[in-house]
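Sharing a structure below in structure tokens format, with a few things to ask.
First chain written, first letter: the chains are A, B, C and D, and each begins at residue 1.
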């Protein structure tokens, strides 16, 4: 951080840099799911890529993000029938594979959200944390 | 319409093409507000343009849309302070100026959503309908 | 209407009361889908009923609503496994059966949103309009 | 935990119970903001209380939540003018004061989201963590 964190005083002083990096990533994963689920989508590369980029660029604005990578699984999206106006679908958790990299002080965390078939659940987890 | 509308039978048969064009536009305006409000944003042209394009392309997938135009008022967005991680804001109705053009049978409608200072309200209205 | 509509002047003067009633209902259906999809939910009657009531009461605040009825199909919701923290799901269009009644001037409209298996689509339609 | 966590294997093994408790709370705060912002609301006690309860009960379904408390600041909500259909507003971050208590293994965390006037920002922070 180039500048002191003006929000630090609101946190329990026991919170470590690593915990903070993990916290900031958790916020962003929860935010992505609940902000973007529901957007109309088809397996059209232009639209898929636009939505991926928008999620990436918008969510990188949240504090202490180093990077956000968004992959929408185009194979899971229903192909629209020709001239059939009701055959698009809406974005769901199981379409998403998101990686958020955060950085706070000397700590770094990589957070992930993706659908885990075995759990039947779009899991958000801490893929890597350091030091 | 190149093909018969497979949903027509669910509608009250009294519904005219003009009413249907207006209905489809109302859905899209309500959807845009409640889907996209809350996205992190700054007055950065790249981000603003990405969000505009994503709203446009995603919402054009909804039935009977001829066009969707989205303008985010960049002047109303708070400028982030340098190195200040908490100075972006989130998209609000008052930032948006949206025009939706729909077409059903021989009817066309132009629907609009924009903030009306006099009403202190983000109004959705039928700007033009024909024939 | 007890009072003149302060937004009427923004509408194309050709718009009829019936069209307006339909428009206001379309907005609310689009809004409901895109606002509430994604809420965590289980087939617990207390939670289902709370979400139904919240959608109803919040959306009745939108202009020209006479009534909003919301039914979440509890049978379509996944039963959570005991002590299994990842077994709830999130609200989807196919869980919802919504009826919106609007009224503008002398016109009344009943709008509906429900999943139509034959279309594989959560359809929004005008169930009834009068006069 | 009465049962083993079936998602634990996806996490970096270095993640401590305290970090996990903090992570799960961050997810829920990010989710609450981006799911519920935009709901129509007025300073009517019945509606405010319904929305508070729905956020609480729905978000408690997310993993490892011990409690969720939601307070909407009724004094910050615009009073609707009589017979004026456009005078409600929509829920914003600055209306919310949310406390999330999480628990993972032997660790407990209290997470908070509230508007901080000095930062002009709806801050999410770790209020308390133990041991």
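Definition applied: a contact is a pair of C-beta atoms (placed from the backbone, for glycine too) under 8 Å apart; a residue touches a chain by one contact, two chains touch by 3 or more.
All figures in this text were calculated on a predicted structure; none of them were measured in a lab.
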| item | value |
| --- | --- |
| Result of counting contacting C-beta pairs for A-C and C-D, higher pair | C-D |
| Longest centre-to-centre distance from chain C, chain (CA-based) | A |
| Chain centre separation in whole Å, for chain D relative to chain A (CA means) | 18 |
| Distance between the centres, which are taken as Cα means, of chain D and chain C, whole angstrom | 25 |
| Averaged-CA centre spacing for the pair chain C and chain A, given as whole angstrom | 28 |
| Sequence positions of chain C contacting 2 or more other chains | 6-7, 33-35, 38, 86, 119, 121, 123 |
| Chain D residues within the chain C interface of the complex | 2-3, 5-7, 35, 38-42, 46-47, 50-51, 53-54, 57-59, 61-64, 83-86, 88 |
| Complex contact set, residues of chain A against chain C | 33-34, 37-38, 86-87, 90, 92-93, 119-121, 123 |
| Residues on chain C engaged by chain B in the complex (per definition of touch) | 6-7, 10-12, 14-15, 18-20, 22-35, 111-112, 116, 119, 121, 123-130 |
